[in-house]
Every structure is written in structure tokens, then in C-alpha cells.
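Below, subunit A partners subunit B and then partners subunit C, in two separate complexes.
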Partner chain A sequence: MKILVVDDSRIMRTIVKNSLLQNNSALYSFLEADNGVDAFNILEREHVDLLLVDWNMPHLNGLDLVKELRILPKYKNLPIIMITSEAAKYNVIEAVKAGVNDYLVKPVDDKKLLLKIEQVMSIN
Partner chain B sequence: MFKKFLFSILYNGLTEDSGLKDKSRSAVLNSISLISVVILLSYAVIDIIAKIYLIAFITATTAILILFAIILVGITKRISIGTSTVSYIAFIFFLLILATSREERAGYFWIMLFPLVSIFFLGITHGTILTVLFGLISYFLIFIYKGPADVIFIHGMGVRVMGAYIGVSLFTIAFEIIRMMAFDQLEKTTNDLVARRKQTAMIFNNVKQGIFLLDEDLVLSEERSFYFNELFGKTRINQPFLELLKDKLPNRDFIATKDYLELFFNKTVNPALLSSINPIEKVLITFDSKKAEEKQVWLEFAFERILSKNGSIEILGLFRDITERVTLEEQLIKEENESIKNMENLFQIIHVNPELMEEFLKDTSDEINSINELLKVETQDTRSLVNNIFTIIHGIKGNAMLLGLSNLSERLKTFEDYLKDLKSSTATWRELLKLTVNLAEIKHDLDQINTLIEKIISFQKLTGENVKSKKYIFEQNLKKSIDKLCKEYNKDVILDLNDYNIDLVPDKYKKLFKDSISQFIRNSIAHGIEDKNERIIKNKKPDGTIKISLEKKDDKLYFSFYDDGRGLSLEKIKKIAIEKKGYSKAQVENFTTADAAKLIFSPGFSTSDKVDNLSGQGIGMNVIKTHVDKVGGKLNLRSSSGSFCEFKILLHA
Partner chain C sequence: MDTKYIEPFIEATINVFREFYKEEPILRSPFLFDKEENLGWDLSAVIGIAGETKGVVSISFPKNLIIQLTEKLVGHEIDSLNDDVIDSTGEIVNIIAGNAKKGLEQYRLVISLPSIVEGPDHKIAWPTSSMPIITIPFDTSLGPFHLSVGLEDIIK
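After this line comes the complex of A and B, so read on.
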């Protein structure tokens, strides 16, 4: 499963990757981007199974990226999970409204992340 | 009006719980009876005119009997009386007519009515028996009984009439059976419906929960619980739900709620995620009632996506009042904090000598009372008032810190900061009133500590270590007030307490010692001890010395307060004696130190050049003197001009 991890913090990307690799390193392969624009370009270039995206990023933030993607028909069913420190309910509502399939608040909990990925992948 | 009258006749004899069967019977019974009475009476009249008196009599009697039956039904409210009476009257009347009717054969037609009347009124079983009986008698009357001489029955006609009678009877029976079945069904359905509606109404009316439905435009449907209306008032038709919440929620929550509810119509959104992000799961809603006061209610909302029959999505909304729960929770948290604080206090005070703590609490409580007194007096100069309060609070805070009461000292620190802010501007009286609230809180803390102390004091004994700390806090307090005064008067003083054993002070003299020492210190620093330059010129040590000592010998306490200042200034005292006390020049000429001392201890005497609030705060030498006299002690003064001044108190231990 090819996962695109989008976060402006390299440490955060590593944490997310490691927490997944710990579980089953053979299953996942990763692509990385540190802003929304790069993430969009990667998506245009390569096939991606799952998008893990941060909210606050330079250039194109995560929320706007999701909005842009959902406009385009080919990304309509792309599973997206937002991983961010914006924990308030109204933030989650905004993100879900924008089109994310699920939402995870930092700090990332391994088990929760795996569970959410499983759920999101099974629905799509 | 006419309609009402008609209904009252039709439903004559009905009660409120009469069923459908009774209702239909009653309508038919009453209408038939009424019509037959009218018809019969007119026949009777016709018969009288025709001079057929027997028939006229029978007809009229029948009419009256029917009328009587109807009235009876109205009184007894029992329709069965009417139906059986009418059936039996019909039975007799129709047979009489058949028997007595002449060549026109009116009786043939009348008998056809009987199966209808009896089966309808008396029911299948009873009615059929009567119908068969009636048929048999009719057969007898038509074919066997010859009747009055002039009646001739045509044979063929009789057969046809009997045939028709049997036909009508059978049809009536069949019809009645079908009708009854239909009725039973209808009644059952109606009863079910009524019961269900009652149940729904009961639930909707009594449940303390708001229940409502929202369509895709977030418009409220008409079905909702009574509690919904109770809380939100009556709403108009097609009321958008969000309009009800507008201005009752913070705007951010309002927008979040709108977005949130819209997410329900997006089938791709995970329901579990939805239920976890409900922004109004617990929300404080303010209802601006027509009265002046606003009503605030904590509500818990829950929403559920439901599919209606036509495939469209609707939202089932639920809410309930959780104000009581929230209040209790808050109270619980408060109590928890309180008990945590209590625990901390306990740990803090367990390390301090309880007597010392008691003393601290008593002093502090006195100080707070004195602040309250200050606040009661309405002075124009709020700035100096705030200043005074600040000084007192600062002192209490210092002591609390010394004793390790970090909770209390933190609270005092907050209060102190607040006062600092007030000091920088002119405080309004409203702001000053707020201080009393703060003071009350501090007092509450003190009370709590006090309760704990009382518990501890009962099993904690005095230990050597604690004595040291008692002495320590005494010294610290004293040094603090000396430092303050020194700053004020720009002087430098060294305090010597080596010969002062605080433990020798009995409880009864505690106040006297405290007051005296503070008064003597003020006196020394304000008047006795010279400033640095003056001391250097006089060839004295640059820092002044204050020595306080206490000895116990043979049940006597010897207290001494000594300073190496300029001593009593006889010149100054003489001058004041003349100016304030009305002495003559000659009188003061030969004043000794003893005479001067007497003057110092008299009321209204002060040698201070400065008018300042520090000297003003002193209770005055004469108060000390009075106090010492009262307990049977002696107050003496020794002084050498330019070198020292010593106050001595002798007390019975």
C-alpha cells in the first residue's frame, strides 16, 4: 500500500512512518511531501492508495489541499486521513466538511492510526 | 342550533363511553321511533275521522308507548330498553294490523318491516328467534285465522307475502352478520388507534426530553415532544432548527453545528466519526425570557441519521436538560479541589508548631478584621487606604510563607498583585468592595486551616524544633517591621534578641508584649536612634542597636527594651509640656528624667516632629502604661541624654 505522508515537520513524518512500519514493514511504502503543492504534484505523478495530511503547512495547507482534491473527480474516492494538532470539534467538523475520511489528533497513537487506516481502507 | 337539537335527539340515551354499535343503534332507534310516532299519530287521527275507533285506539296507544320508551331510554341511558320495547311493540302492532287490516291489505307491507327492526335492534340470535315467531304467527293469521268476518285473504297473495317475508328475513340476517363483523373490525382498529395515540401523546407529553425530526433543509417537522415546545416555545410551521439556536450559542459553535448537521446528509461520512464530533454534545444555552432575568440551561444534544420510507435522510434529534448534572459535577470538582487543598494544608501545618500556627491565625484574622474596618470607613483618600491594606496583606503573606503555607501565601500573593494594580490608579469604591470578597475567601482558608489545627493540636506535642521555629518567626516579624521603619526614617539598626526567651512569655501577657515591643520599636526608630551621619559625628557605631531581653526570677518577669540612641531629650519634652500640657516655664525648669518619663506615659503626648502615618499607627505610650498598671506590673524608664534609653517592665509571672 502506497501512502503519501504530508507534513512540514520531517520528525512528524518519520514518527508516522515508523509507527506504521513497526506494525508491518512489508505492507507499506511511503512517499513524502512537506507542503500541499508538492503533495499535489506527487499525486498527479504517481498512484497513491492513502493520503495522510497535516493541517498547518506552508504554501498550500492541508485543508485547502483536501478541498482542491475533492473537486477533481479522480480524487473523489481517495482515502484521506488528517493528522493534526487542531483538536477542537469545530476543526474536525471543518475538515470532515472539506472531505477528509477520518481525523487523528496529534500526538499520534499507533493503534488508533492503524485502526483508522483499516476503517478508511475498508469503506473505500 | 337546529343541528344540535337534531343530534341531541339522535343520540338520546348515549353516554360518553358508548361504542360505535350503540351509536348506530341509537341513531336508528331514535329516528325510527320519532318518525313512527308521528306517522302513527296521524294514522290515529285519520282512523278517528273514519270512525274506526278500535284501530285508532291501538295506533295511538302504540305511538304513546314508543314515545314512553324513548323517554325511558333518555332517563336510564340504556338503549337496550328502547330497542327491546320498540321491537316488541312492533311485534304486537304489526300483527294486530295484519289481523285487523281490511281489503286494502295494509298488514302485508307492515310485516316486511319486522325482520329489519328486530334483527337490527335485538341482534342476530334474539332478533332471529323473534322473526321466526313473527313469521309463524303471520302464517297463522294469513292462512288459518279468518279474522273479522269481512276480511278475505287471497291465497296466492298470502304465499307471495310469506315468501317475501322469508327473503327479507334471510337478507337481514346475512346483512346483520356482515355488518357486525365490519363493526367489530372497525371498532378494534379505532380502539387500537386511540390507544396508540394516547400512548404517543403520553410519551411526548411526559418525557423530559426534546425529541424532534429534521429534514434535508434542517427544517423541524411537526412531531416533537412537549418538552421541546416547553423549552423553545411554540414554533412556526417549517421552522428551520438552527434559527432556534441562533443568538443562544456562541457564534463559532453555531457555525460548527450548522456544518455538523449538514454532514449527516453526506452518506460517505462515517457515523462513528459523526457521533464523536457533535459540537453541542454539552452546551450552555441562554434563553432570554420576557422577564428581566435570563435563563441558562445546560443541554445535551444527540443526533441520529435515519432513513425515511421514501429513501430520503432525516435527522432524529434528542436533547435533555443536564443542568443539574453539570452543576453537581462542578460542585464535585470544587469539593475535590477543596479537599486537595485541605490535604496540602495538612501536610504543611503538620511541620509547624500548632501553637505558633494558632498565633499566626489569630493575628492574621485580627489583621483581616482591621482591613474590613478600614474598608467600612469612607475616606476620600483611597490611595493611602489601598496602601495600608497592601502593607498588611504583604505582612501576612510573609508570615504565611515563613510557616510554609504555600496555598495561603499564593492566594495572598494574587490579592497583593491585585492591590498593586489598584495602587497604580485611583481605585473606585466598587473596586474596593471587591476586596471584601477577596478577604472573605482568605478568611475561609484561614478557617479551614484553623479546623485542621484544632484536630492536630489535640495529639501533637510541643517539640524543641518547633520552639526554635517559634522564636524564628518572632525574630523575622520583628526584623521585618524594623526594616520597614528604618527605611521610612532612613536609619540603620541592629536587633539583639540573644537574651530574649519568647517561651517565658505566658499567654496572658502575649498581647502586652507584642504591643509594647512594637510601640517601643517605633519610638526608638522615630525618636531615639540617630541617623548614620549624626552617630558618626557623635563618635558612635554607625548602626544603632536595639536590645530586647526577658528574664524570669522568683516568679517575676523582667523585661527590658534598650536602645543606644540619643536618650530622652529633656529640652523637647519641656517644650511640649509647655505647649501641649499647659505647664509654666518655672514648673519645667527643674524637670528630671523621672518627671519626663511621667509625661511621656500620659495621654496625648508625642514628641514627633513629623506627622506621618507610622507614628500615628502606634497605640501610644500611655496605653502601655495603663495595660501594665492593670496587670499589676511596673513600667520604668532609664535614660542618659545622648547615649541610651531603656524601658523596663516588671511583671508577676
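After this line comes the complex of A and C, so read on.
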């Protein structure tokens, strides 16, 4: 499964990757971006099975990236999980309306992340 | 001092330190911060709050503590306030502010990207308005740090 991890914090990207690799290092491969613009460019040239995206990032934030992707038919069914510090209910609702499949609040629990990925991928 | 509105920040800080660093920070008595005062910190991360109120949240560390905390995350030794230390400090204040919004849902708030202030005994240029800044001291097994919060017309 090829996962694009988008977060402006390199440490957070590493934490997310490590938590998945610890579970099953053979199952996952990763691409990384530190903002929405770079993430969009990667998606345009690489096949990606799952997008894990932060909300607050420079240039193009995660919410706007999701909105832009969902406008395009080819990304309509791309599984997207938002991983963010934004814990308010109105943020969750906004992200779901924008088109995320699921939502996790940082700091992320490894087991929860795995469970969400399994759920999202099984539906898609 | 109305401390009801700083409780979400305290709870978020304890939760973040527990999850991120496996540390149990001990809360000390919050105090009204004198904006002209320097408290001897080496690195601070500051985040702005906008929306239905304006405000600021900052977290400040002595060099040795933030280096040791970052070492726990990256799994190797660090000898200076390098990019990893700055990255993790910005992320911490982002997570604290974002998590605290859950306890302040009666206000629709937007948080900014974090800014970093670095230097021995640095001073943060706080908003010059009458907004009071509440500083919340914490102790950890590795040393003390401060969280500071100001929310216009909310924390009085």
C-alpha cells in the first residue's frame, strides 16, 4: 500500500510512518510532502493508495487540498484520513464536508491509526 | 483571574506530554505574566489565535529540557537547538492549541502556524493590548517549562 504522508512537521511524518512500519513493514511504502501544493504535485505523477494529511500547513493547507482533490473525478474515491491537532467538533464536521473519509486528532495513538486505515481501505 | 478558560490548555498540555514524551507534567500555580519580564527560557513556540476572539499561546523551554524531550522523539542524541528541536517545539504548541479548542467550543477559533523564538533569556513580543497573559508553570522529570495563554475578552 503506497501512502502519501503530508505534514509540515518532519518529525510528525516520521512518527506516523514508524507507527505503521512497526506493525507491518512489508505492507507499506511511503511518499512525503510538507505542504498541500507539493502533495498535489506528487498525486499528479504517482499512484497513491491512501492520503494521510495534516490540516495546518503553509502554502496550501490540508483542508483546501482535500476540497481541490474532491472536485476532480480522478480523486473522488481516493481514501483520505486527516491527522490534525484541530480537535473541535466544528473542525471535524468541516473536514468531513470537505471530503475526508476519516479524522484523527494528534497526538495519534498507533492502534487507532491502524484501525482507521483498515476501516477506510476496506470500504474503498 | 478567571482560570476556567485555561483549563483546556492545561489538560491538552498534560495529554500531549503523556502521549508524545511519556512524561507526566506536574502543574504548578498559574500566574499573571509581566510582559516585560524575562524568565530565562532558550526556546519558545508561539501560536496565534483568531476567530471569535484573538489570542496567543506559547510554550517555553530551557535548552536542556527541550533537547532531551526531542531526543525521546527522534531516538538519537542531539547537541544543539537544531531543526528537529524547532520542528517538534512548533508541533507541540500546535497540538496543545488545537486540542484546547475542544474545551472552548463555544468560541469558533482559528489557530495560526507556529512561530519560533530562540535565544538565551529571550523576550516574546506579546500583543500590546490590555490582554493579560496567564503563565502556567509545569515540572517534568527532566526540568520545568512554561505554557502561556492570552485570550482577549475571555481570560480576564
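The rule we apply is simple: the second predicted complex is superposed on the first by the 124 of 124 C-alpha atoms of A that agree within 3 Å, B and C clash if a C-alpha of one lies under 4 Å from a C-alpha of the other, contacts with A are read in each partner's own complex, and residues count from 1 in each chain.
Methods note: a residue touches a chain if its C-beta (ideal position, glycine included) is under 8 Å from a C-beta of that chain, and two chains touch if they have at least 3 such contacts.
Bear in mind that the values here come from a model prediction, so they are computed numbers and not experimental data.
Peer 1: Just from the overlay, do subunit B and subunit C fit on subunit A, or is there a clash?
Peer 2: In the superposition, subunit B and subunit C stay clear of each other.
Peer 1: Which touches a greater number of subunit A residues, subunit B or subunit C?
Peer 2: C
Peer 1: I'd like to know which partner A:N56 touches here: subunit B for first, subunit C for second, both or neither.
Peer 2: Only subunit C; A:N56 stays clear of subunit B.
Peer 1: Just to be sure I read the superposition right, which of the two partners does A:N101 touch: subunit B = first, subunit C = second, or both, or neither?
Peer 2: After superposition on chain A, A:N101 lies in contact with subunit B alone.
Peer 1: With both complexes superposed on chain A, which partner does A:L31 reach: first (subunit B), second (subunit C), both or neither?
Peer 2: Neither partner.
Peer 1: Looking at the overlay, does A:D109 come into contact with subunit B only (first), subunit C only (second), both, or neither?
Peer 2: second
Peer 1: Between subunit B (first) and subunit C (second), which does A:V48 come into contact with in this model arrangement: first, second, both, or neither?
Peer 2: neither
Peer 1: Quick check on the superposed pair: does A:Q119 touch subunit B, subunit C, both, or neither? Answer first, second, both or neither.
Peer 2: first
Peer 1: Now for A:R10: first (subunit B), second (subunit C), both, or neither, which partner does it touch?
Peer 2: In the superposition, A:R10 touches subunit C alone.
Peer 1: Put down the vertex angle at subunit A formed with subunit B and subunit C, C-alpha centres only, nearest 10°.
Peer 2: 60
Peer 1: For A:Y90, select first, second, both or neither according to whether it touches subunit B, subunit C, the two together, or no partner.
Peer 2: In the superposed model, A:Y90 contacts both subunit B and subunit C.
Peer 1: Report the closest approach of subunit B and subunit C over their C-alpha atoms in the superposed model, as a whole number of Å.
Peer 2: 6
Peer 1: Just which bits of subunit A does subunit B share with subunit C as contact spots?
Peer 2: Correct list for subunit A: 89-90.
Peer 1: Could you list, by residue number, the parts of subunit A that touch subunit B in their complex?
Peer 2: Touch list, subunit A to subunit B: 89-90, 92-94, 96-97, 101-103, 119, 123.
Peer 1: Hey, which residues of subunit B end up touching subunit A in the complex?
Peer 2: Touching subunit A from subunit B are residues 252-253, 255-256, 259-260, 262-263, 268-270, 273-274, 277-279.
Peer 1: Touching residues of subunit C toward subunit A in the complex: what are they?
Peer 2: Going through subunit C, the ones touching subunit A are 15-16, 19-20, 70, 73-74, 83-84, 87-88, 90-91, 94-102, 104-105, 108-109, 111, 113.
Peer 1: Over in the complex, which subunit A residues touch subunit C? Could you list them?
Peer 2: Touch list, subunit A to subunit C: 8-12, 14-15, 56-58, 84-91, 105-107, 109.
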